[in-house]
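What follows is a set of structures to go through.
Across the two complexes that follow, chain A remains constant while its partner is chain B and subsequently chain C.
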Partner chain A sequence: MAQCTLKPDTDFTRALKEAGGESLKKCFQCATCSVACPMAPANAPYPRKEMVWASWGLKDKLQGDVDLWLCHNCGNCSDLCPRGARPADMMAAARNVIYRDLTEPSIIGKWMSKPSGLPFLFAIPAVLWLIVWWIRAGFNGGEWFPRAADGRIVFGQIFYGDYTIDPIFMLTFFGACFILARGVMKLWGMFKPQGSLAVIGKTKSWIWHLWDVIWDEAISHRKFDDCDDGPAVTKSAPNRKNGHMLLVYSFCILAFVTAVVALGHWGGKVIPMIKIETPMPLTFPVKILANIGALMLLAGLAILTWRRMSLKPADQVSSYYDWYLLGIIWLVAVTGVLAQCFRLADVIAPAFVVYYLHLVFVWMLFAYLPWSKLGHFVYRTAALVYVRMYGRS
Partner chain B sequence: MAGKIGVYFDLENIGGGLDVEGLAAQVRDKWADLTPVVKVVPLLAGAIAEISEDITAQGLDGVLLCGASPRVDGELYRFPVQVEYVNLRELCVQAYKNPDNSPVDKNNAPALLSLMARDYVNMGVVKLQKSAVPDSAAITTVPRVLVIGGGWTGLTAALEAAATGYEVVLVEKSAQLGGAASNIPMGSPLKSPWTDKEATCVSGKIAAVTENDKITVYCNAVMQKLEGQPGEFTASIATEKGTVTVQVGAAVLATGWKPLEDKYLASMGLGEDPRVVHAAEFGKMLAADQVTARRIAFVLDTTMAEEAVRKAAEDAAEAATGEEAAAPAAEEGETKSFVKEDLESIKHLRYSNVVNSVGMLRLANTVCEKTDDATQAFILYKDMTVPGILERFYKQMQDRLGVMMTKADVTDIRDAGSHMVVECKNTLLGMDFDLDVDMVVLPTGLVPTTAKEVTVGFDYRQGPDFPDLALFDGFADSNYICFPYETRRTGVYAAGCVRQPLTMDACEEDARGAVLKAIQCIEAAGHGVAVHPRSGDLSYPVFNFVRCTQCKRCTEECPFGALDDDEKGTPKPNPARCRRCGTCFGACPERVISFANYNIDQIGSMIREVQVPKDFKSEGPRILILACENDAYPALDMAGARGKSWSPYCRVIPVRCLGSVNAIWVSDAMSKGFDGVMLLGCKYGDDYQCHFVKGSEICNRRKENIAETLNRLGVQPERVEQMEVAIDEYDKVPDLIDGFVARITAMGPNPFKGM
Partner chain C sequence: MSNAILVVGGGFAGLTAAIEAAELGHDVYIVEKTPWLGGRVAQLNKYFPKLCPPSCGLEIQFQRIRKNPRIKCLTMAEVTGLSGSKGDYTVTVRLAPRGTAAHNVDFSLLASSLEGETPSEFELGLSGRKALYKSMPFAYPARYVLDPSTLSKSDAARVAGNKFLSLDEKEREIELKVGAIVVATGWKPYDVTRLENLGAGSVKNCVSNMQLERLASPFGPTGGRIVRPSDRRAPTNVAFVQCAGSRDQNHLNYCSYICCMASLKQSLYIAEQYPETHVTIYYIDLRAPGRYVNVLDKVKALPNVSLVKGKVANAVQAEGDRVRLTVEDAVRGEKLTLDYDLVVLATGMQPSLAGDKLPLPLPLDEEGFIAGGEEAGIFAAGCAYMPLDVTRTAQSGTAAALKAVQTVKGR
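What follows is the complex of A and B.
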């Protein structure tokens, strides 16, 4: 009788173990996790089935599994697992492995997966911005730390917006968007079962589903409350929802500020009235908003970092992917704030060096986004839209 | 025979408004000189010193304690004379209810209750009167343990026995010691922390045995004969140099197992395709580095093979129905010579599931470990059964990259040229699938040696082999939960895989346990007491050969083969083999067998001591309950203690075992005027609970003869019923009794009443 022949892939299991799911083999399929999960749908709940697929190295099954993305990683399953198999960590690891392999160039995914890749990741923007610095120093008469005519420190003198920062970041941004879009298409393709799929009953346009997802996940963070509605476990870690929410809101604020400044800068060239000069004075509303965003970012980071540090290793451990993302955001935030402080304190060499590092880290954050854990804000959103369109949620 | 009995009433513990002083006065009147001391004490437990004084001052030779159940505080009343109890509390006051179910006056005992109490007290007196202190049957014992089988269990048993100071004779069939364990260099864990594979070091164990002065090893040797009784067995061992005879006190049977024949698993490819092997074989290949397969299926689900065997059996049965008529009828009357029945069957595969579960986890892990996870080992199970703390081992073995497990129905194993295909259904992966593999490992069926051959060679009246092995599909086991390691032959204790398929750690534990039982048995024989279940019982059956008709019923019915006989059929008792159940005297039509403190006349007299009223209508029927004292009596006791009452027309007499019920007791009861006799015993059959294995079964068989006799006398055979009750069924037992009483009441009075 012909039925599907299984091709277990031990290397895939090994990759999952390396990406944070090192206990996955301990699972003995009791399904306590699937019962413990407050988010799992009643029909074919997770993560019990994902655990056995992972153990058997069934790459196709996990890649096509939307349930991986329904999981918000509250860790209830891991807390209650009688075997210490840590399903939550396996689910996170599976997502990490999927980010890694989803898009080209896959070498970046490889570098992202372990600390030994870090020098390469750092070297690319470091060299890039060093070249910019070197060229611009040439424009400033060979002065690497020039002052403006009025004696102020103006980063734009070296990292000139019009010709350096803006084009490079726009390229980076659109490049990342393009790669993410391809990733989303690929992911979507993997979710779709073979053959055609008919939806019976009422549905609505994907746009509205997208709005629902953004409302639930980002604006209200409602889903995180569902997560906490799980069975009582003895967790003492700080609230994840607050940290995540602070972080998301601060990202939005900073994105908004960046957009306003860009508009002011480029729009000001056409309509002089809306022109914004940088550096902006501290009392300027946009600047105030930017600094509020920066403080929120630091607060959110502090909460999430403290939470990760106080996790009981028996229940949940943080993978390299987790620490990479937290680390890079910390570096972006700290270098950003320090650069401003040094500038205001008028210590020129540290100010420029720190600002340079800030650019390196910001570039790292955005350029490598499709392969990093931060990719979840796109991939998870896509998956949740898919899930809502096909009625599994 | 007790001739001076002290009777004590425990005022505190009787209650129910009984006129205790009146009861005492009745005893004084009725028994006069037999009971020089009759006292009502405020609290029996407080009168121990007083009783001891009475024993010396009055020269009492028996003490009758009327109060709570003997199961309560029994250990308080240890006197140098015979002690007997009358259970006036649980079985009388607490179990009492009015026949019309009206509320019972707790302060003024109803007449029926007083009658019942009086009957019980008189029954107690007569019981003690007809009871004597047994003589000692102590023998001089041989401090030597015979260990049969030199495998893992046998070696352990030999070392353990030697370590306690006993001499050991070890008999091994093959040329070398070690047995199946020799093929397992790395086994499942043997000690804490029970997590990882452990080197078995069989050679170390063998060396320890061969170097031990206390242990004599015979290799290439088999048991020829075991005769005598515990403490003084004579073992004949056939060795290369001829027969060796050695005196031993007790024996440990550790003859182990043989692999189930390939034919049973042929439908799964075993013996048909070289790529299909069973686990024990695979273990040998792995130890010899002969495994090159990189995808291996370990199949624990053997439903396929079981179905194939079942179907074959059905076909065979169909084919046989036609031929049956043609087969010549077996000749009757001829003395049947012993023929060993082969008990090997596919069932042994299921029984071995624990060993295979643990074994396959170990093998799968090992093969992955050896190849650094270049091998994929699939474990496909129906029941993954890992006993006790070996769960830790399971956890550790499973935690290996190449080991993949799922519950699955394996529905087909087929050859696909370069590889084999294993078809799996109903898996945990949420789909049915095929697996391409290079090798298939099937479970090994552990068939106990006792299923295939006579291992001990008893020179007993009942034959050379253990009885009723078919009940356990050939495993040498009996009533393990209550009496571990015992076999149906006292003095021979089974350990290891001959008793049950076990992992190596469990075999070691078994070996220790069986050795301790063997030693206990030798010591008990030295003291002349029973080893189990009636540990410490001094009594043993005494034969009055003058009246014996050599009918052989006792020698045939003894569940433990304790009785041998001579050519004429005169029974030869072996007290050290005896477990004191009394099945022999239950069987004896001439009533020539008795125990000093338990005999036909004693129980008969107790029955006759009950006052049966002549007027059935106004004073009700009388029902005799003969209750097994091991399970039924405690169940009644607990029922009473929990306020569950039953008909006040019943009188309960505990018996050692229903097997000891002699038909004469039923006749006694009927001629006395009892309207019904209820035999309350243990469950029997496959899942028996009888302490003496056969007692209630034998009683049920005898009941048919009793029914015939009653029929001849014109008494309805329905007046005698046997019922089964488990020790924990105290809630059901009153209903059983009341149901019987209702049936008897409907039947009307016993025609012999008042004659």
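What follows is the complex of A and C.
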């Protein structure tokens, strides 16, 4: 029998426990979880092997484990787990540790991992937007809450798109994209097995696999239903599909609206026909779509938050990563909606303050995306593409 | 003040305690809920350590009881009340009507001619029984029981004229004066209907280990042939599912101690009857305490038995009334989905007192095992105290008897 020497990394095990996997040591390797998981394949199923890797502190194994990302966290394994080791939470914790360590600057990952980092995370955009506000107030004759010439509240008076919001957010957006891309490359490198891998049969480019993932899994949310096909579990947990779907679609709608407005604004400078003036009237189709998106966002958030709150702690626990993400999206949504309400109600000071907070939270959502749980939409997609390319399903 | 001892439960622990105390010169009352003594051991085909049939060990105990005038057996009896204190208890016992004469009348002909039938408790639902019945040939007391609720109309007419049978015997209560109490209420097989992912008792040919004992017993529903209950055909492959509800915080949060050995024993039954039949035991850890490791070695040496590490977490019905199991072979890291002719769920021991309210001042732990009571002169024996095999059950019975004797000595 081949011998191999294991080098347990106890710090890694501790990090996993802190990131939400505190019960992982209760596991006695009965393998119930691998059967409980309806998605685990016949060959090298998960999450039993991940549980023993976690317990032994085998960091390399877990970091290069594509199965972490195949798990959609339905919690079946934790429901059936005879020891309350909560494999689902350990899988989530392992993903959290990867969010934390995958990309530079790693200090952000550390701040993101615990509540004590929140003040720093908040301070960066808060100061940034305050400086913008201060400079722009100077342009408006020292007026911090200026009104437009016709008396309306126009946020652009202070947070002027061309010079402030757009450049900052474009930099943030492309910066995040760059960091995410580096993260994906790194992750992909870790997924690759050591040595060489022979792929037999027809192959196709990763682009097509990506297309398949988006078309077959992301749009349909099929895996959430697959998640519910496991062995009978007496405990019932609220389904996440509807909440998650609402959230994803609302993000798509809001991203689309942002793109349309940006195109109308910048494109309008070249082709006057497609120019869009902000604020848009409430009856304007793009505005209607934006408000529909906002309502869907709130509904999705409400469902997911309610679900997390009704989880039984014995089976599944929500980690700080879960609450951070839900919290930041709540703040974005609530400040966004409130800013519009205050603007329409013509209360100028609250309108500007809330809009300022909205910008702070939106910036937090995007700038810290590579280290937050929201990064899963990129990392998980990459992993799903990988498994399709290498024939694991 | 009394120096009599009450033994609650007439299984192996209770019998041992009663006999030991009586042979030391104390009056003993055995209060047994079912119509006969012998408890769970009586339901087995063979039992450890020597793999004798139950009639063997129980026969000796019954002889000792029969010959000892100090022992009074109250069957179909339940303790309903207790007053007084250590050394001076008054126990109320409710006796259910048995409906048959006090002496041993052979009703076998009459019983077999009756029509009405109901699932047999003793056979764990594998077969029916008549309204007039005796569950085992070596039953003690060797009296039949008449269960009026199972009588059909013509049965009732047939029974009515019999002078040794009574349809209107009433339930009655008696009072006993005792100084100490031994509680040997034993265990019940864990309720498979709660094992939802293992079919919740609704999958055909997926039986419990106690049911397999009945199938293997020469006095059982199949005369000792281990067959599939659905079609009475010999199985060509059998799987044992260890820890079915044991070591599981959602069910029994402890190891039941006996199920590994039970499955190893039962794989010997199968290997003996059908040398060609393949047996697979799926386990988390195999527990073969002490000398039992020899049995494990014996089973390992059998050509058609495989031991696979991995807990079965799903059982569903497959075509041909087979049972489809899903399990990860945790050593090889492969998830297997396989069909078996017969599947045995190695369910664990739940203390009989779990979820029950005994009218005794007894502290129970969260699982229903007795945890204390000795200061009140009440002593636990057998599986009411912890999961035990028969040997250790007997030892615990003796231990409880000696404690009880010391409590009442010299009064």
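Keep this in mind: the second predicted complex is superposed on the first by the 385 of 393 C-alpha atoms of A that agree within 3 Å, B and C clash if a C-alpha of one lies under 4 Å from a C-alpha of the other, contacts with A are read in each partner's own complex, and residues count from 1 in each chain.
The definition used in the following text is that contacts are C-beta pairs under 8 Å (C-beta built on N, C-alpha and C of every residue); 3 or more make two chains touch, one makes a residue touch a chain.
Just so you know, these numbers come straight off a predicted model, no measurement behind them.
Q: Following the superposition defined at the top, how do chain B and chain C come out on chain A, clash or fit?
A: clash
Q: Let me test your reading of the model: by the given contact rule, A:83 touches which partner, first (chain B), second (chain C), both or neither?
A: both
Q: Using the touch definition from the top, say if A:55 reaches chain B (first), chain C (second), both or neither.
A: A:55 sits against chain B, while chain C stays out of touch.
Q: If we overlay the two complexes on their shared chain A, which of chain B and chain C does A:275 touch? Say first, second, both or neither.
A: It touches nothing on chain B or chain C.
Q: Would you check which partner chain A:8 touches, where first means chain B only, second means chain C only, and both and neither mean what they say?
A: first
Q: Just checking: does A:43 make contact with chain B only, chain C only, both, or neither of them? Give me first, second, both or neither.
A: A:43 contacts chain C only, not chain B.
Q: Per the contact definition in the header, classify A:29: touching chain B only (first), chain C only (second), both, or neither.
A: A:29: touches chain B and chain C.
Q: Pick the chain B stretch that clashes with chain C in the superposition, from 310-318, 436-444, 652-660 or 724-732.
A: 724-732
Q: Please write out, lowest number first, the residues of chain A touched by both chain B and chain C across the two complexes.
A: Looking at chain A, the two contact sets intersect at 28-29, 44, 49, 83.
Q: Note which residues of chain A are touching chain C in the complex, please.
A: Residue list for chain A touching chain C: 28-36, 40-45, 48-49, 80, 82-84, 230-234.
Q: Mind pulling up the chain A residues that touch chain B in the complex?
A: Answer in residue numbers: 1-6, 8, 10, 13-14, 17, 23, 25-26, 28-29, 44, 49, 52-53, 55-58, 61, 83.
Q: For chain B, which residues count as touching chain A in their complex?
A: Residue positions touching the partner: 373, 376, 378, 394-395, 398-407, 412, 421, 423, 428-436.
Q: Tell me, which parts of chain C touch chain A in their complex?
A: 194, 196-197, 200, 243, 247-251, 284-285, 309-314, 326-330, 333-337
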